[in-house]
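The structures considered in this document are given below.
Consider the two complexes below, in which chain A is the common component and chain B and chain C are the respective partners.
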Partner chain A sequence: MKNLDNKLYSALLYMTLSIGLIFSIIASISLGAVRLDFNDVWKIIANKMFLNNIFQNTWNISTENIVWNLRFPRTILAIIAGSGLSICGIMMQALTKNPLANPYILGISSGASTGAVMVIIFGGSRLFALQSVSFGAFIGALFTSLLVFVLARKNGVFSSTRLVLTGVSVAALFSSITSFLIFTAKEVSKVREALFWMTGSLAGAKWDRLLWPALWLLVCYLFLIIFSRGLNSLLLGEGAATTLGVNTKFFKNAILFLGSILTGFVVSMTGVIGFVGLIVPHISRTLVGSDHRKVAALSIFIGPILLIWADVLARILARPEEIPIGIITAFLGSPFFIWLIRKSSYSFGGKDG
Partner chain B sequence: MKKISLLLIVVLMIAFTGCSSNEAPKPVDEEIKNVEVNDEELQEEKTYKPVTFNYDIYDNNYEVIFEKAPERAVTLSQFMTEMLLALGLEDRMVGTAYMDNEIYPEFKEAYESIPILSDKYPAKEVLFSVEPDFVSGWRSAFNEKRVASASEMMENGMNPYLAISIGGDGSLETVYEDFRDLGKIFEVEEKAEEVISKMQTEIKSIQDKVGNVSDEEMIKVFAYDSGENEPFAVAGGGISGDILRQAKAKNIFDDIKKGYATVSWEEVVERNPDMIVIVDYGDTDYDTKLNFLKQHPALKGLNAVKEERFVKIGLADMSPGIRNVKAIEELAKGFYPEKFE
Partner chain C sequence: MAKLEVCDLGFSIENKRILDNINLCIEENKFVGLIGPNGCGKSTLLKNIYRIYKPHVGAVYLNKVDIGKIRSKEVAKNMSVVFQENNHQFEFTVKEIVLMGRYAHKGILDNNTKQDEEMALRSLEKVGLKDFYNRSFLSLSGGEKQRVLVARALTQNAKMIILDEPTNHLDIRYQLEIMDIISDLQVTAFAAIHDFNIASNYCDYLYVMEEGKIKYHGETKEILTSQMFEEVFGVKSYVFKNPFTNKIQISFYSKSSDK
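== the complex of A and B ==
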């Protein structure tokens, strides 16, 4: 009987979330700084999707550009970034055994800022084959996590505490490098603008940037699903995990590798969006418990829904301007989160359960 | 399964009807019209000389080619708005944004005839919705997370334009150069020369009044922008520094080759200015800055503070454009009041 209840519960849960996600996507494409005719929006999408003029073109070229080149990729980016940040949050929380861990805990955002500023100062074309600030941010993020990875190891292993502390120190180091670069630049305002790339926003979404992050996200998600039992035992502590026959070294290395690159992708496209990667794994745990397989499956629905709505609000609250999305994720996220952990029988997994 | 195949059939049918409506033959007279239009375009191209620019916007070097005079310009900063209005281009502007101060009185009527897209930077969608073919402003606007990046603009038929004068090497000369460039782009070269020569004449008459000033007579000024722990000051590199120079003052931070720079109070004391220029804008008003400087214990001994010699200048007047004449006049009057009596 209990088993059946559980099945019904998850079926209902996933159905609600699927409908919620579809509704969110529709809202996200229909709403924005410019008011567009709802019918036009969906006719344009139908035409583009089927690579054909199903409907007669009765709208302005600007409407088509707004729908297809701005809002649609932006919504897809919200889905990728929302689930990406949530997956990274789950990974980092498992890796550091710390419920406070978020995707940026290993200093990745500082490294990304340094990378972005360096591209602007030294000129992208001279430094990299690809000329873009996003690419600099991506390289900066990867470099930072590699550095943390190397520095936090001792005799081939790294403790969770050392990992977090190394992350904090490396972040401080990179912040100071960034400040120094800005201080010595000839055109301070030009370089300071680079930091604007790092404030969270989905406005930079473009079709051609979405493929690789989406594929990598898929790899990370499959990893969590396939190796969920190993991850579950990590939360029990290294000793217990080893006793259970889990190769903790492999898991830690794999998580660090997959998670850093995923965070790097997301940061380079959206900048730093706070709170999503922290709270979504916890929200999922309150709904389905601490099994990583279920937490991951649920998070790739909750993360996107949360981020899509934060972005919709960011776009429409201050028309014709845009509010930075981080303000909304934190302002709405934190009270909700506090309410959630107070009301429910919450468990992070492992011993403190 | 049945449902899926049904759905497929419906989709295919829709796709086919789409195809067939596409292939409908064009009416003959429409084709003739097209030919005529093409002819006109050819003629237009003959008279318009394409203008090419290379901009270093952030990370990338963009080559922008104007193949015809823009018809739908958007300006995302006050100084660009006023530059285009100075050239009488209000009929070809479809939107403005981001004012720092009141519009220059001379342009009020023309300015009000153009839609205001936003008080600050508009969202990308809002820019796209007016279908511009020319977009200009401070460099900060050309950021994919502010308004739009230069490449996003170019992919959607907008030519980005960046004035030379906002760079670290800005000067009055580059302001003239910018007017000339805009004249070429918009095919109003005569009007541009008119604006430039008017500026030159007016500046010359101000400078004639001040007359020759020897190095010893030249007033030493500190141009204070903002900052309490450390002052942010006008340096020697950009347009603001050149305006001080044109008003025949010696900027104590002329040796720093940036537009503006963060300096130290110690250095200000060491260089002992005769007069302090206060750049006025934003939330901290002139009186607050004035009182702060007067009451700063380290500055008590400065000539400027002892003799209470301060002069106020608006930030908009220090930005590239015809307002620079006004800035030079106000500053010169502040520096050498006896010559204007």
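== the complex of A and C ==
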């Protein structure tokens, strides 16, 4: 009986979320500086996706352009970034056994910011600006995670606490470099650009830049699903996991490797979007418990839906200007999260007393 | 069957020798205890055996196989461990925790089968927590948590079981029950024990540690003597045979009452 209830519950949950996600995708493409007809939107997407003309072409070419070349890739980027940050959050929480961990806990975001801000301020030609900024961010992210990884090791092993503390210190170091660069910058427009980047935006979405991050995301997702048992035990602590037969060294190295690169990809495309990677894993856990298989599956719905709507708000709240999406995720995310913490029976790491 | 041997094991932390030339042989189906004062290296020795630490010198053999040289899963199939786990931060149900004991027996894509679940239920029944199957682990009391961890070790279904002071904060009733459960299993047990009367009741054989070395070892009744307690633990004691159980019983008294 209990089992049946559980099955019904997850079926309903996933059905609701799938419908929610599809609705969010189409709505997010219709809404924006120019409002488009809902009907046109899904027909254009259907035509493009299946590479033949299922529906009669009743819209003009500029609509098709906005849908297919501007807004749809942007929504796909929201999906990749939303699930990417959530998956990274799950990984970092498993690595550190700390419910407060987020994708940026190893200082990756600070390193990426430094890289990106360097390119923006000393940057080369405007023509390749976007590509080179994200390249700078990616290099910065990888450099930082490598640095943390090397510094946190002692006698060939690294403890979670040392990893987190090293990450915090390295992050502080890079933040100070970034602040220095911004304060000493000569051009005001570049300062604004740097700040905008640091708070995150999905505006840079382009079809040809989505493939590798999407593939990497898939690899990370499969890792969580395939190795969910080991990861679950890892949440009990390394000692317990070892005695249960988990090769903790493999797991920690794999998480560091997969997670840093995934964070690097996401940050290089979107800048630093806060809070999503912290709250989505917790929202998922309140719904299905801590099993990684379920948490990961749920998070790749919840993360994207959250980010898609945050992006819609970012686009329409101050039309025709755009607000950095990180402002929205934090401004709406934190009250929601606080509400969740207060009302839920889920304990978010340890019971009181 | 399971036989555990420790050969010439040495271990240091930051150049300080914590364990020196440790040799142990735990015979099949015996219940063997490890006693010694605080800081003598008991826990460090056990951690070397259950692979939280890696010995710097010597090796640990389980059924003649060096456990440092085989996969974690192979070790876990043959050896389960109960110790104090205090750092659980994430919500799991009791069922999920107990089923983690099946990890070593599963391929990466295998799901838990009906047999696994039945096994988990039986183990919980043995520790008296059958009705806790769907409860949240974090909501349990310290003693209940510890019993769930014993159930997890039972579900692991290994022939060797290591107990690292697992009953410390349990009520006397559960201390005895857990020791009863483990001595009734057809397994080899090696346990660090604080309470000498419990050691006397359950252990076939005892190792006594002092300052990182094995000081004495032998049959339980030969080891538990007032001379040993005075020498190793620095306490006065009266050791006698309990007429009801025929086991050795120890009563300690302070130096001031010694006339």
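Note that in this section the second predicted complex is superposed on the first by the 282 of 353 C-alpha atoms of A that agree within 3 Å, B and C clash if a C-alpha of one lies under 4 Å from a C-alpha of the other, contacts with A are read in each partner's own complex, and residues count from 1 in each chain.
The criterion applied here is as follows: contacts are C-beta pairs under 8 Å (C-beta built on N, C-alpha and C of every residue); 3 or more make two chains touch, one makes a residue touch a chain.
These figures come from a predicted structure and were not determined experimentally.
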| item | value |
| --- | --- |
| Greater chain A contact set [chain C / chain B] | B |
| Partner chain(s) touched by A:Leu173 [first = chain B, second = chain C, both, neither] | neither |
| Touched partner set for A:Leu287, first chain B, second chain C, both or neither | neither |
| First, second, both or neither for A:Ser132, with chain B first and chain C second | first |
| Which superposed partner A:Ala240 touches (first chain B, second chain C, both, neither) | second |
| First (chain B), second (chain C), both or neither touched by A:Ser62 | first |
| Common ground on chain A, meaning residues reached by chain C in one complex and by chain B in the other | none |
| For the chain A and chain B complex, residues of the former touching the latter | 32-34, 47, 50, 52-56, 60-63, 65-66, 69-71, 119-120, 123-125, 131-133, 136, 183, 186-190, 193-194, 196-197, 199, 201, 203-204, 206, 271, 315, 319-322 |
| Interfacial residue positions of chain A with respect to chain C in the complex | 2, 93, 97-99, 226-227, 229-230, 232-233, 235-240, 242-248, 285, 289-291, 346-347, 349-351 |
| Residues of chain C that touch chain A when the two form their complex | 50-52, 71-77, 79-81, 83, 85, 87-93, 96-97, 100-101, 103-104, 106, 108-109, 134, 136, 138-139, 152, 156 |
| Residue ranges of chain B in contact with chain A within the complex | 11, 14-15, 17-19, 21-22, 56, 58-61, 117-126, 128-131, 139-140, 143-146, 149, 152, 155-156, 167-168, 237, 257-262 |
